[in-house]
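Structures for review follow.
In what follows, subunit A forms one complex with subunit B and a second complex with subunit C.
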Partner chain A sequence: MGFGIENVLNIITAIGVLAVVTVGLYIILGLMQVINMAHGDMVMLGAYSVVTFTKMGINYWLAALFSAFFVALVGAIVELCVVQFLYKTGNLSTMLATWGIGIVLQQTIKLIFGPQGEFVDVPVTSMINIMGIEYPAYRLILFLLCVVILVGIFFILKKTKAGLLVRTTMDNRIMAQAMGINTKNVYLFGFISGSALAGLAGALIAPITNISPLMGLDYVTKSFLVVISGGVDSMLSTIGGSFIIAGFQTFFNGFMGATNSWMTVLVIVIIALWVRPRGVFSKK
Partner chain B sequence: MLIGLLILFLIVGFVAPEYLLDLLATAVIFGVFAASADFSYGYAGIMNLGSALYFGLGAYIMGYGLKASANPFLLIPSALIVSIILSLVIGYVGFRVKASQTHFGLIGLAITLGFEQLAISLYGLTGGSNGITNVPRPVFSFFGLDLDLSSPTLYYFYVIVVSMGIFFILWRLVNTDFGRALQALRHDETKLETMGYHPLKVKMTVNAITAAIASLAGMLLVCISGIAYPSLFGVGLSMSVLIWVALGGTGSLIGPFIIAMILKLSESMLSSTFENSYTLIIGLVFVIMVIVAPTGVFGIGKKIFQYIKRTEVEQS
Partner chain C sequence: MKKYRAALKVLSLSLVLSMFLAGCGAGKTPALSSQVNSSISGETVKIGVLAPTTGFMSTHGEAIKLGAQLAEELINKDGGIGGKKVQVVIEDDKSDPAVATEKAKQLINKDKVNFLIGTGSSAETLAVVPVAEQSKIPFIYSLDGECKTCALDDKSKKSKYIFASGPTPQMLLNNFLPSMMEKFGKKVYFVGSDYVFPHFMNDIAAKIVKNNGGQVVGSEFAPSETTDYSAIINRINKEKPDVLFLTLPGTAGTTFVKQARQFGIFDKMAVTGSATFDTEAYSAIGKISDGVYVVNRYTDLLDNPVNKTFVDAYKAKFKPENPIGPTASSGTYGVMLAIKAAVEKSGSIEADKVVIAMEGLKLNLPQGEVEIDAGNHIFNQHIYLMQIKNNDYQMVKDLGIAKHPDFEDCSVGK
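And now, the complex of A and B:
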């Protein structure tokens, strides 16, 4: 297998998708210190809801938007019913509770759709000619959408009032409370937007991936790896982390099997953490 | 309490039928595994999301070695050494960020997943997704003296003796100076440093001990089930262990041990009847338990007991 422009395009698409998933995780982890093990299952839920919506005859793009809203709703329910009570009790219980939620989501989906995979038709089937290579247009659109989403979130976080509230609470929760910010609402907002991002990413990758009840595990591990290898300093460091994980993995996939490339990425991550324990793109 | 448990296990060993002994031995092995995770999390505050890594490693090495009819006396130490070396490498990388829980845990999680895939893809060595099947029970040969553990009853006693030995060592360990240093580590790392301990070294030691016990548990298990399969490395098992610790109450050793045993026994009895919904129900129960009883099942039992006692005192 040679290395050409096609591989480069595959790499940037993979990076874009992983970055969207991880930014959702980063908001939840950075804002509330919650290790959300159900994040991958939110991706899975997004993919399955797009399956359901398109089966109902709704246009794919509209279905993707609906899926994001639906997963946001699930995120809201999860926050209000479970996670809300656990902020005080610490890391282990939130992590285990979200893992439990993940199991419940997986099993529910398994009971409804069965353990076998589902698929969604690619909404844009045309090919685009890039430098002499025919490349599926949908993947390019996917990449551009990811860039738009990331830029949008970046501006929301940096320029708007809501973003300011989120960043303040992230930096120092007690201080934020003292200034009269209702941190409870900020947490709820953070969890919902994180889940919505995961759901949207799941809906967008649905046409080009195998949809199965256990697909979330792959995403949750990858995005946690991104967070620790890139650092949790800012959104940009998580995007940098996505470059490391998805970039290297897709790159090595061109030369060797999936397992070997994953192990190679792990070795790279371990070496990177050996040199820069706080993450490659952290300031310290 | 420990002696009572030991006597109970021994009596059961003489009366129970053989298939039940295998079930019970499996439950005890997972109990020890849970106790080791409690030693790591409940005492030292180290959350390991990849403890199944060592469990699977022990199972695979033992399974491969026994099928190649290697001497268990050589096999067990070599598997232990491999696990300890791996744990030291992961520990060194993961613990460098001071006071960060998530770092080490997540690295462990990723590496477990890598090993699971590796176990599936290295077909020649590991048997792919089927795993290593038909692992025989070990025969310890010692200078011409053969100790054959191929009968389930004998193997059960072997498991009980080894597990109780490990449990006893853990119990003693948490009451030594080292054990108290661990609790200090959980509360305040900087204070521990001022007392002359090196936090990184303490953490790596704890991790190595946990890894050794987990791998020993894996080695014990593979001879009963006769099979080492990829999901022994899985995230699911690593998380289950933490669930047992959380439900049993952290920092008690015996609580997670008992909870793990109960859940394992009930799983092997119930999951065949409610095949599809068993995991769903366990997940739901678990989420509710984490919210309602953050101190574990025995913690809430204690609270109820105290409440009853208080009302009795008020009435009299």
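And now, the complex of A and C:
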């Protein structure tokens, strides 16, 4: 079959990108059992933010950071004004509320920028020679950044006090409250972090994908497939889920048409859910 | 925990199911409407406009909306259509054939429009064609694409009320592809979005390439919402074609071109395509499409008085940052001028009389001379070879007036 290096590189960069796009959703879902339907739109906000900041003349990497901060701010507003009142009323209400917020975000961006899409250039245009293959440098950098981000989150969760508070609350909210932890603030922190990560992901993928008000839809579907197929037990579940969705799709696309590849992946997801309904990479 | 798991299960099942169902197209039979909207609502001629301002054709949808608004304003300033005011009713069909069907019925039955124009993708257009034909409302669709003007029950006959303003793949490519192969080489690779228009386009292009001594070294299709084209780009690099022909309309094209550029594709081969480098998508693809060759029915740099009026008025009203494209100018504004001419020629807005007036009608539109073909209801029009340079679509060569052969490859009624 001649399965070359470039296919392998495509697969791992695809997994890395999807994992970083999804991890924000995972944190909110795993921590607060909130299904954030606005997740894809926060990715979209991140992309538009980086477009705006770079147009103002700011260096691309700084602009990506600013975008993360900006979307974090939006996330804070959403949590404080809408989501925090709905934790007790169950998932359907948070799903509906965040779906509505997503629509508001899409339409606001469309009103400001128009529907035709924006453009931001890659910060690095060169190609790197890897084992005889020329590969775009930016994709490799993106992959490395994804690894850094995922390792960073893992580290924060496992080794810092803030991470401990988050994990405690994730495990058992009532017990955590009983021990004096301000779970309200932990939830706020979680939602802000999830939003910031979505924004950062959006900023980082902006140079390699189309930027339009509805781009979030493609990513929210893929992100949900990741958490559904991978499970929400830990970060590893998210990475595993990304492997299933992005990894398999790119793998199959290496020798099959794109439509057939996607269909195959969906069939795999159905089978996986049937066999392991809590997610392939979950503990049960 | 239980509630959350249940919700997650429902969500996952519905997500996966909906993705499968989304693939099963929208070939549903519309309800028959026997109402004939020949009455004039007061002193107004109503034109229904289906503009996909959301969804993957949103760049074209926005152009349709603006073209219609400008045409309405200018035509009314000029005395209207046969003395009657023109009113456009614009609906968003969300680039979705099912929504297009509903909105078309709404425009016909509720708003009682006299004419229908617009639609973006071929899938949307095909959904509206039977609705318009059965409701006896003339429908002139705005975008280029394969022939859709044959009768629902007989592919060798024209349908009475359907007209195509845009060129078919044959019209666009018959002279263009040989010119490109002559310039760059005979090996051609095709990529397209996976639905009816790109398939038709690429199939016809492949035939023309082979008939002119060329070689098709690859041909593949990907879903419109694909976010990662790296595997396809790798295969293209491996095959080393002379010409890369892309039919990736809307946002799909932007994603592909951005990624392809990073893999160095633009340095290795001549890149061209249909609908991918549409002027309407220019803001998103922008400067990285410099040097690309494009074939289309219009560039805003065309030098004729009708175009000058249009471009000046468009720039004054909308202050566009990017070049003005065929969808707004030829597909919408030009179409409304055609309706005006046909109504005034027939002296009536009765559909049956107007469609007869349209056949053989010769017009001077912003895109140049146009004749509405009496045989197949397609606008016979000039085709231009252009190159994207200096932020606009520079004219390289006028390839002459193209006609479509009868109803070849008509996709209606399949």
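One rule holds in what follows: the second predicted complex is superposed on the first by the 277 of 284 C-alpha atoms of A that agree within 3 Å, B and C clash if a C-alpha of one lies under 4 Å from a C-alpha of the other, contacts with A are read in each partner's own complex, and residues count from 1 in each chain.
Following the convention adopted for this analysis, contacts are C-beta pairs under 8 Å (C-beta built on N, C-alpha and C of every residue); 3 or more make two chains touch, one makes a residue touch a chain.
Nothing here was measured: the structure is a model prediction, and the numbers come from that model.
Touch criterion met: A:Asn253 reaches subunit C, while subunit B stays clear of it. By the touch criterion defined above, A:Pro277 lies against subunit B and subunit C together after alignment on the C-alpha atoms of chain A. In the superposed model, A:Asn91 lies in contact with both subunit B and subunit C.
By the touch criterion stated above, A:Asn172 is placed in contact with neither subunit B nor subunit C. In the superposition on chain A, contact is made by A:Leu225 with both subunit B and subunit C. By the touch criterion defined above, A:Leu111 reaches subunit B but does not reach subunit C. Once chain A of one complex is fitted onto chain A of the other, the partner contacts of A:Asn10 are limited to subunit C, with no touch recorded for subunit B.
Look at A:Ile35: by the touch rule set out above, it reaches both subunit B and subunit C. When the two complexes are superposed, the chain touching more residues of subunit A, out of subunit B and subunit C, is C. Applying the stated contact rule after C-alpha superposition, one finds that A:Gly100 touches subunit B and leaves subunit C untouched.
In the superposition on chain A, the residues of subunit A contacting both subunit B and subunit C are 35, 91-92, 95, 110, 217, 221, 224-225, 228, 257-259, 262-263, 266, 269-270, 273, 277-278. On the subunit A side of its complex with subunit B, the touching residues are 29, 35, 37, 82, 85-86, 89, 91-93, 95-97, 99-104, 107-108, 110-111, 217, 221, 224-225, 227-228, 257-260, 262-263, 266, 269-270, 273-274, 277-278.
Per the touch definition, subunit C reaches subunit A in the complex via residues 1, 3-5, 7-9, 11-12, 15-16, 19-20, 23, 53-55, 58-59, 61-62, 194, 220-223, 225-228, 230-232, 234, 237, 251-252, 254-255, 258-259, 262-264, 280-281, 283-288, 322. In the complex of the two chains, the subunit B residues touching subunit A come out as 41, 47, 89, 92-94, 96-97, 101-103, 105-107, 109-111, 113-114, 117-118, 120-121, 235, 239, 242-243, 246, 250, 276-277, 279-280, 282-284, 286-287, 290-291, 294. On the side of subunit A, the complex with subunit C involves touching residues 4, 6-7, 10, 13-14, 17, 33, 35, 90-92, 95, 110, 114-119, 121-122, 125, 127, 134-136, 138-139, 207-215, 217-219, 221-222, 224-225, 228, 246, 249-250, 253-254, 257-259, 262-263, 266, 269-270, 273, 277-278.
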